[in-house]
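There are two complexes below, and they share chain A, which is joined by chain B in the first and by chain C in the second.
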Partner chain A sequence: MATEDDSAVKEPLDLIRLSLDERIYVKLRSDRELRGKLHAYDQHLNMILGDVEEVVTSVEIDDETYEEIVKTSKRHVQYLFVRGDGVILVSPPLRTS
Partner chain B sequence: MGKRGERQSERTLVCVIQALMGLELLVELRNDLSIRGFLDDCDNAMNVIIKDAMIEDVEGCQKHMPLIFVRGSNIRFVHIPDNVNIMQAVEERRLVLDRAALAYMGGKGLAPTPKVLETQIPDTADAAI
Partner chain C sequence: MLLPGFAMLFFSYFKELVGKEVTVELKNDLAITGILHSVDQYLNIKLENTRVVDEAKYPHMLSVKNCFIRGSVVRYVQLPPDGVDVDILHDATRREARGA
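Right, the complex of A and B next:
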């Protein structure tokens, strides 16, 4: 959370620093995704996100037809602390819609 | 309780959780349990103690427990209460720790030197060992 005087990009974490106060997309373990505004992060990738939308994806298999049914559930959280060990990747938001 | 800039917790975002001590918040665990209660304590590894907790599982089954210890590695999310000014809370906690560290040092800001301790030990102390 310290302000950096040197704004050069030297290591991968610096790329995340460029996204501070921007909206980002975070892929988490257990098929979860977050989209929110990055307020803070640290070297463990613990993050504080604001105005967050969480999408949980689950795949169910129909007993009769054996087809895969992909279900997603969403929820909105105002201010969220994310523990870094669950984070897979961080990216600017993907505009698919 | 080190000096400002030397504390390990301030190099990570754990200090944000520690600033929320005493407040009611929602903690989501990796096993999909939700715990709503008052944050009693949080250490540098994010291990937490939650008082007056209501635990809810995925099915919605609720159970009340007066005192819970959760290992930090099990935490997935911490929902920060809406009405909290985080930056102010973190800074206030830093000030409290600064004052506590100063008081611990006797207000002089210097750690006791070994020389001081040696003169306080009487020569006959060896007999006890």
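Right, the complex of A and C next:
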């Protein structure tokens, strides 16, 4: 490790480093998703996001028809610390919404 | 102060936030607002002057004013806008991410 080039992408965490100060998409456990600006992270994937939208998805089953009703609830938070043990994946934002 | 194996970035960040009001959301969906009293390397949190966010839904915490929260049960911490210096966070992250 004689020369540590800050801009070299060697391992997966380096890919996340490229997204610093950019908007990202985070998939969390419990069917939650976040979209926000990445301000800080560490090797545990603890993160601080800014201007965050959280989407919680739940599926209800109708008692009679047994059809699946997919519901989502959204909320907006200005600055959010996210604990890394809930993170499943991190990515540039998907162009779905 | 060497704490090998534990990220220092967020520990240092939360130490700077002591005295400010935060809202801690736990993995069991309970959300607690309070003044950040202290934090440790495991990101365990001590809050003072606590009140539960949805008091009608969680009445069993009505008499609790101070609490210790194990770091591992935290899902989110909502941060006050004046507690976030984006530039300092970016610089610290670049330095910490290199060492990982």
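What we mean here is this: the second predicted complex is superposed on the first by the 91 of 97 C-alpha atoms of A that agree within 3 Å, B and C clash if a C-alpha of one lies under 4 Å from a C-alpha of the other, contacts with A are read in each partner's own complex, and residues count from 1 in each chain.
In this text, contacts are C-beta pairs under 8 Å (C-beta built on N, C-alpha and C of every residue); 3 or more make two chains touch, one makes a residue touch a chain.
Quantities reported herein were computed from a predicted structural model and do not represent experimental measurements.
S.K.: For the overlay on chain A, clash or fit between chain B and chain C?
M.R.: These partners clash in the superposed model.
S.K.: Pick one for A:13: touches chain B only (first), chain C only (second), both, or neither.
M.R.: In the superposition, A:13 touches chain C alone.
S.K.: Taking the superposition as given, does A:60 touch the first partner, chain B, the second, chain C, both, or neither?
M.R.: Neither partner.
S.K.: Who touches more of chain A, chain B or chain C?
M.R.: C
S.K.: What is the contact status of A:22 with respect to chain B (first) and chain C (second): first, second, both, or neither?
M.R.: After superposition on chain A, A:22 lies in contact with neither partner.
S.K.: Output check: A:80 vs chain B and chain C. Expected answer is one of first, second, both, neither. What do you get?
M.R.: In the superposition, A:80 touches chain B and chain C alike.
S.K.: Return first, second, both or neither, reflecting whether A:43 touches chain B, chain C, both chains, or no partner chain.
M.R.: The answer is both, since A:43 touches chain B and chain C.
S.K.: In the superposed arrangement, which partner chain does A:31 touch: chain B (first), chain C (second), both, or neither?
M.R.: Once the two structures are laid over each other on A, A:31 reaches no partner at all.
S.K.: Which parts of chain A are touched by chain B and by chain C alike?
M.R.: On chain A, the overlap between the chain B and chain C contacts is residues 30, 40-44, 46, 48, 77-83, 85-86.
S.K.: Under the definition above, what is the set of chain A residues touching chain B in their complex?
M.R.: Going through chain A, the ones touching chain B are 1, 28, 30, 40-44, 46-48, 77-83, 85-86.
S.K.: What part of chain A is in contact with chain C in the complex they form?
M.R.: 4, 6, 13-14, 16-17, 20-21, 30, 39-44, 46, 48, 50, 77-83, 85-86
S.K.: Within the complex, which stretch of chain B touches chain A?
M.R.: Those in contact with chain A are residues 11-14, 16-17, 30, 46, 72-73, 75-82, 84, 86.
S.K.: Spell out the part of chain C that touches chain A in their complex, as residue ranges.
M.R.: 7, 9-10, 13, 27, 43, 71-72, 74-81, 83-84, 86, 89-90, 92-94, 96-98, 100
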